[in-house]
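Okay, so chain A shows up in both of these, paired with chain B first and chain C after.
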Partner chain A sequence: MATLALDQVAKSYGEVLAIANVSLTVDEGEFLVLVGPSGCGKSTLLRMIAGLETLSGGRVFLGDKDVSRVDPKDRDIAMVFQNYALYPHMTVYENMAFGLQQRKVPKPEIKEKVLQAARTLDLTELIHRKPGALSGGQRQRVAMGRAIVRNPAIYLMDEPLSNLDAKLRVQMRAELKLLRARMGVTTIYVTHDQVEAMTLGDRVAVLKPIDGPEESNLQQIASPQELYLRPASMFVAGFIGSPAMNFMYVTIESAGDGLCARIVDTSWSVALPPGGNKAVPALADHVGKRVVMGVRPEFFSLAQPSTGTTNGRLAVDVLVSELVGPDAYLHFDLPTPEVDIGTDLIQERAETGHTDSRFTARLDSESLPGDPSRLDLDIDVSKIHFFDPKTTLAIV
Partner chain B sequence: MAYLPYLLVAPSIILLLGLIAYPLVFALKNSFYFWNLQTSATPVGFVGFANYQMVLASPAFLNSLINTLVLTFSGTALEFAFGLAIALLLSTRLRGMSVARALLIMPTTIAPIVVGFLFRYMYDPQGGIITWLMASIGLDLPAQGILGSTNTALLAILIADVWQWTPFFAIILYAGLLSVPVSLLEAARLDGASAWVMFWRIKFPFVMRTALIILILRFMQLFNTFDLVLVLTRGGPGTSSRTLGYTLYQQGLIDFNIGMASATTWLVVIIVNAIVGLYIFFAFRKWEW
Partner chain C sequence: MEHHPRPLRRLVIYALLALLMLFFIGPIIWFILLAIRPPGTAFTMPPVLFFEPTADAIRHTLVDPGANARQARNSLIVALGAVLLNLPFSVPAAYALSRYRMKSKKFIMLWYLGLLMAPPIAFLIPYFVLMTQIGLSGTYLSMILVLQTLIIPFSVWLMKSFIDEVPRELEEAARVDGAAWYVIMLRITLPLVRPGLIVTSMFAFVFAWNNAAFPLVLSSQQTATLPIGTLNYFASTGVTWSFIASAAVVAMVPPMLIFLVFDRYVVRGLTFGAVKG
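The block that comes next holds the complex of A and B.
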């Protein structure tokens, strides 16, 4: 077991800069998940840690040792590949034993370790089969087994569950969690699936594609709960959480001893009394300015006529309602300019002449009225996030 | 409509029977008859196994069988070995490899008869470049020339064949090397495999999947080598470079002894099928993966 540290690592392919300014440390026994959309450099970063990609800048430390120029085989790491990369002409046993054979481990010891790992992973029956005769889940377990028998300092996993069907993926995710609890080895896990990231990681690093050498791919590295509750930037806020956070432009105004956020181009406003939202003190510097307000779909609720407060109440025309078991996702438009968080969808809507923005609310499906086409929604003021529209960073 | 599938494959089956089975059966029948075209346009009389006895008893047959086996096994092995070496070289990122790939296919596209003539000029005792090269590095060349000596005639045919067919192996094996998934090589790197282990335990098994088929194809082709022999040595001096293919030509098209030629044909069919059968039995046992 060991710690891992990245110090200002960078990777460019010719003119194209894929990774820049990434520094992070992984503690002993920690399970760190690298998550981000495709093209954010998460797999490249993992391959740089493995030594399969050379660094264009920065350093990689394993424990105290600078391994930046060390050959992959001497880094004491094991990797599970997305497509498993099992040797198709070798049996399950030979696949798992291969790494140990290369390290000149005595035969009886190899046998003991491989059989032990096979027992752990429930592969004993399959030990003489070839990968071609195994199911996806079994192959995945062999790939894990190949890593386990090596007993490396660090495990690297590159989207190991992405080739499995949805049901098996949930099952393997739970197994992975159990396995990890038992072994407690430092692990770096790459995924684009935020549910995997949130359920597996001790900490999650959110990465994003970069536009220039002054930027960093690393947006935030924190515990899953922290990412959800206190996203550092609009990118993280929009990436973590499903359905994604709603963003809208608001103008901050003074209102009595507190503030108020008025949704741009509309008459709706949300009062922000002191102590009503953690961002209020910081927002005082933004009075009269336009900022981005972020509301997670789950923090809308159906307005209760009995309660006196109507703060932040929105009357909306529901365009589409999707019932997903206990939840209902309601989509509605508001006549306010769209916030560009860098997704193609917005551009498409702008090109087709949309001047309003689409929002999503997640409600309890059982509380919905019979005809949910026109609803009054309340916003949980304490759960609203605010972001600087220029830097896209959270205002706290 | 239970017989529809049979109906659909029937044209291919009939064509196949006509093209393969008929000549074989025709030859089988003739091998039991005395039939020399110089004396009769039709088979003269049933002679049982006499043709086979005559073929097997003639020293020329045994000699050409040995020559054929030597040529076939060593030719296939050399072409595979050199081809693999070139394929490995092609798969490196050395400069000029794309040009080399394009040039390599050229020998294979030349008709064997042309290759024969090219090499005949190069082996020429007076001014042939191979003769000159050998002499200039101090090799002791036979006085009758490379093609004129019983010691070197078969070797000369082998060299010409290896020259022509090595690139074929190189290109196919190169394609086999390309079929190795990059992630497997990376996994092996992480597993700590040396360059040799990487080749022998990861790349080679992949290459062999392709190689198994071309090895047997090439083996069968080489077993019937005729054109190179005809142009380079005519099986000589004596019978020192005579192959079964040339023996057949001698029996059928020079001596016009159709009965004997048919018997030889069938012996070749039996020998080749025995070897190929054994090969398939052993080589393809571990094929599934």
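The block that comes next holds the complex of A and C.
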């Protein structure tokens, strides 16, 4: 049991800078998820914590101890690899016992610990099999078992569920959650799957690839709920949430004692009365300027003719509608310049005359009319996000 | 993929295979026959197809007076010595070339290949001079050492391909598990490349066993190996074909036995990495 701290860690491969300016702390017993697209450095960061990659800069602390130059074997960590990395020539028992043997644990104690872990993970009957004779899910459990028996200060998990099929993944995710509740050991978990990140993590660190030494891979580190409700940047906003957040350029205008946001190149606008949206005070500085508005698909709703307010009502031509059980995903266009969040830079494609931007609304499938080709949509004004197009940071 | 050729086609294929086999096995059979022929029937025209087999030549080679028995023992010493000296050098080299990032990796590998391509005959004189000057000429060690110049490059290439197939993550998992580097080597990496060690050793053994060029200049009367013994029969007193054949047949046996016993490793070695398991 320990805390982990990263202090300004950096990693470069020759000229290529992979990681820079990452500082974070993990509390005792906390489950931190590192999430991001491929190439964001999340696995590298985990391997640096494990000691499998050397640091190009910064320091790593385990508890109070600076372990930046300590060999992995002396770090008291356990790691679950993406491909499990089970020793193919050893049985399940030997695989789990190996780490304990290296630490000179007495034989009877090893046996007791391994058998107990095997019971916990439902592996008792497979204990004398070799990894080659196990299914993917069983291998995954052995890999977990190998980490558990060690009772390390910190667990590191590198996409441990990504090699499982969808059904098994959901099942293992639930088991992992149970296991974690029972063990309560500090864990750092890498995934590219935001559902895993959101369901497992006490806190989630969103990482992105960097372009220069002045940037940081770490975009935001917060609870899943916080990331969803208050994304710090367009990158986080676009990455967390599925389907992804819709982005569009709006011009901020004064309207009475409040503001209003007009979608660029359209006549559509939404009024932002004081208190109607948390960003209103900050947006006052942006009057007359163009900012990025972000609306999550789920905060569109079918306009009800009976309701008095029509603020933010949007008439759209639905291009494609997808029914996914209780939800319906409606894809529509608006004749406004596209906002491309890419990996980090916003590119305005308006100058190329490209106005084919696509948006998604997520609606209750039962409320849909028979022919959802032209619909009126309302936006939940309080849930709209605004971002500075230059810095890509949230305006709050 | 199931594939059943029609009977006629099958017949043709088998006939071709039989012809091919005759091409490879023919000389061996011919030599075995040569060894057990009565002397004087070796090159007669028309060939003598039926004869009373005799073990005289074999007896001469191995037992009475055992003209080549000592040479067979010498061959065994040199070949086993070459195998034992090879692995401690080629395995770490192959490991380093497989695992570590280094700029000159390609160059080193090609350099090894270059050593294999050079005709050994080109080095005979320098090696002879060298070994004479350091007083090793005529010893087993001189032959074992000089053989390494070809065995090690070959083994490094072979072992590297085996080590390449061992996922790095296994070693990393062991590091995280708390294993020191030598534990990882002994308990993870080497057990996983055991087929590679066997195949490499087999080839090293057979190469050393069959090599005639180095013993020709480096061995003495006492340390001469079997190929030298065979060559000795091309003597001033005339060429005794039955003795040559007999010694050659004896020389053929160990490599054949080895490949028979370890056959499955060779097949695995040659197809290693072809299919992800």
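Everything below uses one rule, namely that the second predicted complex is superposed on the first by the 383 of 396 C-alpha atoms of A that agree within 3 Å, B and C clash if a C-alpha of one lies under 4 Å from a C-alpha of the other, contacts with A are read in each partner's own complex, and residues count from 1 in each chain.
One rule holds for everything that comes next: contacts are C-beta pairs under 8 Å (C-beta built on N, C-alpha and C of every residue); 3 or more make two chains touch, one makes a residue touch a chain.
For clarity, every value in this text was computed on a predicted model and none was experimentally measured.
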item: Clash or fit, chain B versus chain C on superposed chain A; value: clash
item: Contacts of A:A78 with chain B and chain C, given as first, second, both or neither; value: both
item: Which of chain B and chain C A:H89 touches, first, second, both or neither; value: both
item: Touched partner set for A:K130, first chain B, second chain C, both or neither; value: first
item: First, second, both or neither for A:P273, with chain B first and chain C second; value: neither
item: Partner chain(s) touched by A:P389 [first = chain B, second = chain C, both, neither]; value: neither
item: Touching both chain C and chain B, counted on chain A across the two superposed complexes; value: 50, 52, 72-73, 77-79, 81, 83, 85, 87-89, 98-99, 102-103, 132, 146, 150
item: Interface residues, chain C side, partner chain A - complex; value: 167, 169-170, 172-180, 183, 187-188, 191-192, 277
item: Chain B to chain A touching residues, read off their complex; value: 181, 183-184, 186-194, 197, 201-202, 205-206, 286, 288-289
item: Partner chain B, residues of chain A touching it in the complex; value: 50, 52, 72-73, 77-79, 81-83, 85, 87-89, 98-99, 102-103, 130-132, 146, 150
item: Contacting residues of chain A [partner chain C, same complex]; value: 50-52, 71-75, 77-79, 81, 83, 85-89, 98-99, 102-103, 132, 146, 150, 156
